[in-house]
Amino acid sequence: MRTSGRKADETRSVSITPHYIKHAEGSVLIEVGETKVICTATVDDKVPPFMKGQGRGWVTAEYSMLPRATQTRNQRESSKGKQSGRTMEIQRLIGRALRSVVDLSALGERTVTLDCDVIQADGGTRTTSITGAYIALAFALNRLLDEGKLQQMPFTDFLASVSVGIVDGEMLLDLDYQEDSRAQVDMNIVMTSSGKFVELQGTGEEAPFGRSELNRLLELGEWGVQRMIAKQKEALGPIADLIGEAIAHAAG
Amino acid sequence: MRTSGRKADETRSVSITPHYIKHAEGSVLIEVGETKVICTATVDDKVPPFMKGQGRGWVTAEYSMLPRATQTRNQRESSKGKQSGRTMEIQRLIGRALRSVVDLSALGERTVTLDCDVIQADGGTRTTSITGAYIALAFALNRLLDEGKLQQMPFTDFLASVSVGIVDGEMLLDLDYQEDSRAQVDMNIVMTSSGKFVELQGTGEEAPFGRSELNRLLELGEWGVQRMIAKQKEALGPIADLIGEAIAHAAG
Amino acid sequence: MRTSGRKADETRSVSITPHYIKHAEGSVLIEVGETKVICTATVDDKVPPFMKGQGRGWVTAEYSMLPRATQTRNQRESSKGKQSGRTMEIQRLIGRALRSVVDLSALGERTVTLDCDVIQADGGTRTTSITGAYIALAFALNRLLDEGKLQQMPFTDFLASVSVGIVDGEMLLDLDYQEDSRAQVDMNIVMTSSGKFVELQGTGEEAPFGRSELNRLLELGEWGVQRMIAKQKEALGPIADLIGEAIAHAAG
Amino acid sequence: MRTSGRKADETRSVSITPHYIKHAEGSVLIEVGETKVICTATVDDKVPPFMKGQGRGWVTAEYSMLPRATQTRNQRESSKGKQSGRTMEIQRLIGRALRSVVDLSALGERTVTLDCDVIQADGGTRTTSITGAYIALAFALNRLLDEGKLQQMPFTDFLASVSVGIVDGEMLLDLDYQEDSRAQVDMNIVMTSSGKFVELQGTGEEAPFGRSELNRLLELGEWGVQRMIAKQKEALGPIADLIGEAIAHAAG
Amino acid sequence: MRTSGRKADETRSVSITPHYIKHAEGSVLIEVGETKVICTATVDDKVPPFMKGQGRGWVTAEYSMLPRATQTRNQRESSKGKQSGRTMEIQRLIGRALRSVVDLSALGERTVTLDCDVIQADGGTRTTSITGAYIALAFALNRLLDEGKLQQMPFTDFLASVSVGIVDGEMLLDLDYQEDSRAQVDMNIVMTSSGKFVELQGTGEEAPFGRSELNRLLELGEWGVQRMIAKQKEALGPIADLIGEAIAHAAG
Amino acid sequence: MRTSGRKADETRSVSITPHYIKHAEGSVLIEVGETKVICTATVDDKVPPFMKGQGRGWVTAEYSMLPRATQTRNQRESSKGKQSGRTMEIQRLIGRALRSVVDLSALGERTVTLDCDVIQADGGTRTTSITGAYIALAFALNRLLDEGKLQQMPFTDFLASVSVGIVDGEMLLDLDYQEDSRAQVDMNIVMTSSGKFVELQGTGEEAPFGRSELNRLLELGEWGVQRMIAKQKEALGPIADLIGEAIAHAAG
């Protein structure tokens, strides 16, 4: 039994508030336990210079934490004058993960920027950001569909993310901050609804891990991702069906 | 009649959610109309170098907007590598305003940092930040009181802020973004409950203004500030009484 | 009586050296008491991106102090790698103030940049910069007139600036550094020759101020601004008449 | 058969030149195929602030590429004024990987900085950096041993890294640049000689991958890492024996 | 005959205004032809970290140009966020030159910072800065002498600087901007009153130069430096005698 | 006799490895004694903005040292966020030196960037960079010749560089680090094969120097440069002949 009363294979409660920021083309407040992230999607009718003239779109992400999202205050990156390595690593991961399930040709020469701003952190901020950003992206793409700028949802799959880890020798799903900070092994899994890996990042800085442990962690992760995708579908409502059709069509 | 249906001397609706961020010593989500700001107060048992050894405390502020708080996305200041002049100007104003009603000697050698993060902007973000930051500060100082680190609330007055302006020749209280963007005169007023000015910043870039217009704007502002202070007291509950006693004592 | 021997409503001596820098389209060395500022105006036949294609011009300003303009040496902002909040706030103020009296349409698609470099500081550097920059701007615009690039001076009014404040309970005009550093209230006033406010920035960080104090400060400020405008006209000579005609025409 | 003539499970040729830079406490030029990296280890008798007073050491890494290590020239990060996200991500990975096999308590209050500078890049620069940095670190620690500053090699295991990936549907070991740039799946594996994972970073941006593919990739990776460790031991000579004894002792 | 009417071996007129900036420990406005530089000396009772505890002082310099010192406006280095290579090169040169004639042990653990700010540029700004900075330094050191903090002027020689060059095949002394911009060879010479070289920087980017040309340029330079030193002595008055005694004593 | 056993007028051993980096259009590893520099030449079919439309090319250089090229580790300029004054000064020197012997019109609208990366430093890194960069440039230009993009080698002369200095009163050629760090006078000479000076930078920070010393240093330098040019020709093989013809033609 974990301090939170959860079982080893249990995720925290998930709450999703759609359309949380009125100006954005798509937005969501996602809460996984005490971790809260605002995800917004901004559509721009341009692509970065390296993509120009290919008739394809781009999806990218930025990540940040409010200074007091954490137990002790972090100096703002804007006043330090640069983003930390951790920030850059996370936002590269979010962008890469989402691009893996978007048909960039179907998107057309547009950029969607996902901003993931953590307003309260309690472990799993990068996985929660990915899960939430997918929804914000779906809302924004649905709007393009409504405006007749897209013919069909340019998704090739659903996608969500959870963390797993080994804490005091126990293999656990969806670590909170207290668990994460004393984990021997920490792994972030990004997976599709078809059960395929998009990103797998495991680190055993405190203690290396073997194949059998890896296998058990992957099982926990798969289970957790499926639960997150269920929550996404709930929040998306009929848009989830449109995505489902597009996936079926793409797979077709 | 304004497009929002408000009268010229009417503020927008105000909503205050106390203790919005669990890690901070004090925090609040303040909503004035569609403008939403998270204000947190962080207490640190140190003062900046220029204050050391004087037995006095310091109050400072930082301000930022999420990239998509506005109608078009703004590039993050952390990725630009520097804060804009607007950001710096606003955070200097917030810090100065709050220091004016804190007895820094009574605070002791501590720094309180107020972080004001605008998650959705619709005009009046700086005035809303000041009004909200006062509450976050009060929560944080009350906690020091509870912990026996302070003897009494180190406030010398209540304080809040509103904007006023001249739009299409009309003098209006509490401008929203649509009004603000076509205002001829724009003024931010920071005032105490005793009706004294702490900050007065008026700009007539589009059309200079005379003394009688100034007087009418100041009346509107005073009215608006008193309404904001009433809302603060409501949100603070019994803490407002402690502050009242401290003010009476300081004045006494 | 003030330590300088001045009366409460007396400005410091004002000295203006026109055409101080030979390369600039307009320039002036302005000395108000011991405060010395070099103001230059640079005309560029382009406007910033956000102004393009509107057939209108732009006026902007930059402000800086030499490292040893002050009693103790300040580190250069170029070696720190960024401008301070104070610098940004002041240069935004100077630009805004000057734009308020320029008819940007009449200026045409041109940018005038006012550089205000404080070579010696003794209080009132921002107000002195505004007063001096107006003259440098007038010289530069007169040159465009001489070259046939403008038909008439694109000014809608004269404009100057002074500081006022409350020091030891006394309301004083044009504070020097010694007065400014112990002022309870400090206010910068930018005003036109027609007695209208363009900028009003008052701060009572040390002690808030009431309406009657405000009224007395505004009177002192109005008096001081008119004296500064008289000095500007003297330095401008016949160019002042051209401006006067343009103002009459604009008002006409 | 790969264009290089290698088999799917074959690494490129490995060449290690010990003591390549005379000033460093440990150094190596490592060449894996056409990828060439200079790795140096610098010992400093201090630890970072967050480690002070714990009696433990620290191992950290920095990574860079010469501008013309690649086919087209990259702008220097020093002239851009900041390190890219890719650089930060890689150097964080290298540091984390090496710390996982060092007994930081046995190291004492010292920092070892591993600099990995890629002078020619042809795929696998991060994995080659890890493999090479281990050797540079071992040389530096051996020197501390010789100087009597350490009692025994503070290693808990050997460690090396290789990449694996899926290219045109084929699962391949140790991808060169041509293979890497058209890979559907790209995975970096850091592993100990005891066959445990220290870091596992797989990304399927182009095509997600399933469990059975993952298993085959991990097998290839394990095989490749063991070959790299054999090369390390060869280059280390008798120092490898000292490490072996320390590992046995630590495990013991 | 040069366009200015000067002969090949003639310097421009030199004007020196001592004590130009009231706050600085030493200051001067130096004008060589149309080039105008404000030089200030700031004394600080500390030395940089690398000099601590050696009982010796340090002399350093910073150099900058106002944006409109030149014919076209230069962007401020503070707004670009960094100093240019040219600026850094010049300020390193000024500092090195002045240190060469100061007995750093006699100076004691103090730093003197020379700020050279070019307010109008017409060629020779670096040589004029060196010549002017020497005077500002002398004023500042004389003040330390007056305050009893030094026993004797810690100079080992007088020192000044001029430029020489080859323009249209003619060897010329003290180039103005027009000459400098079409020079084939450009050389800056820093020399002592005893006729020894402290810095010699010649560049023949447009046309390399031979030994005989070099010799003639050095003669011109020596002649120009002696004239500058005569001007320095005039400006320093009795302080020049104190320096003379110190030099004699040091040589003695 | 010097500690290295060299005579006063003897250079260190010189070793040149052509085509050291496979991706670059031209490259070389140059070793002068223990100083090792990788020089690469990158050809780009564009020129910087200030050169556009003139039908002429540009040659520029960048210089850097690996952190552990020196006895104690230097912080990376990319992590400091800016290049040091020393770095900028050196890379400006390298670029200027090489441009002096290239016929930029014959080069056409192309930029060649020379990257000089010091992997091990033992004195003379800037002179070694110039000598090596000339060879890398020659290889790159020869490649353009081979591709038919140039008609003839656009060189006007050979060019190399050495340092000379006064150490313990002795005039020495090609100082190593130990000599350089205790030199009274330090001079870098860049010269053509026709014995003309391109750059002459002498500094007597520790002790000024007279004309006769200068003359002896220049003789040593000339001797050293000629030896370096001989080594360059050896490394260039038949390309040296093509350059010789171009020089003869240009002179003709």
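Should a chain be cited, it is by its letter among A, B, C, D, E and F, assigned in written order, with residues numbered from 1 in that chain.
We take it that a residue touches a chain if its C-beta (ideal position, glycine included) is under 8 Å from a C-beta of that chain, and two chains touch if they have at least 3 such contacts.
Every value quoted in this text rests on a predicted model; they were computed, and no experiment measured them.
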Going by the touch criterion stated earlier, list every chain that contacts chain A and also contacts chain D. none
Calculate how many whole Å lie between the centre of chain A and the centre of chain E, each centre taken as the average of the chain's C-alpha atoms. 60
So the centre of each chain is just the mean of its C-alpha atoms; given that, what is the distance between chain A and chain C in Å? 52
Nearest whole angstrom, what separates the Cα centre of chain C from the Cα centre of chain E? 34
Listed in rising order, chain B residues that touch 2 or more other chains are 81-83
Arrangement of touching chains [line / ring / star / complete / other]: ring
If contacts are counted as defined earlier, which sequence of chains do you get going round the ring from chain A via chain D? A, D, F, E, C, B
Touching chain C in the complex, chain E uses residues 21-24, 27, 34, 38, 40, 42, 44, 62, 64, 66-71, 73, 76-83, 87, 113, 115, 117, 119-121
Of all residues in chain E, those that touch chain F in their complex: 82-86, 88-89, 91-92, 96, 99-100, 157, 187, 191-192, 194-206, 208-211, 214, 218
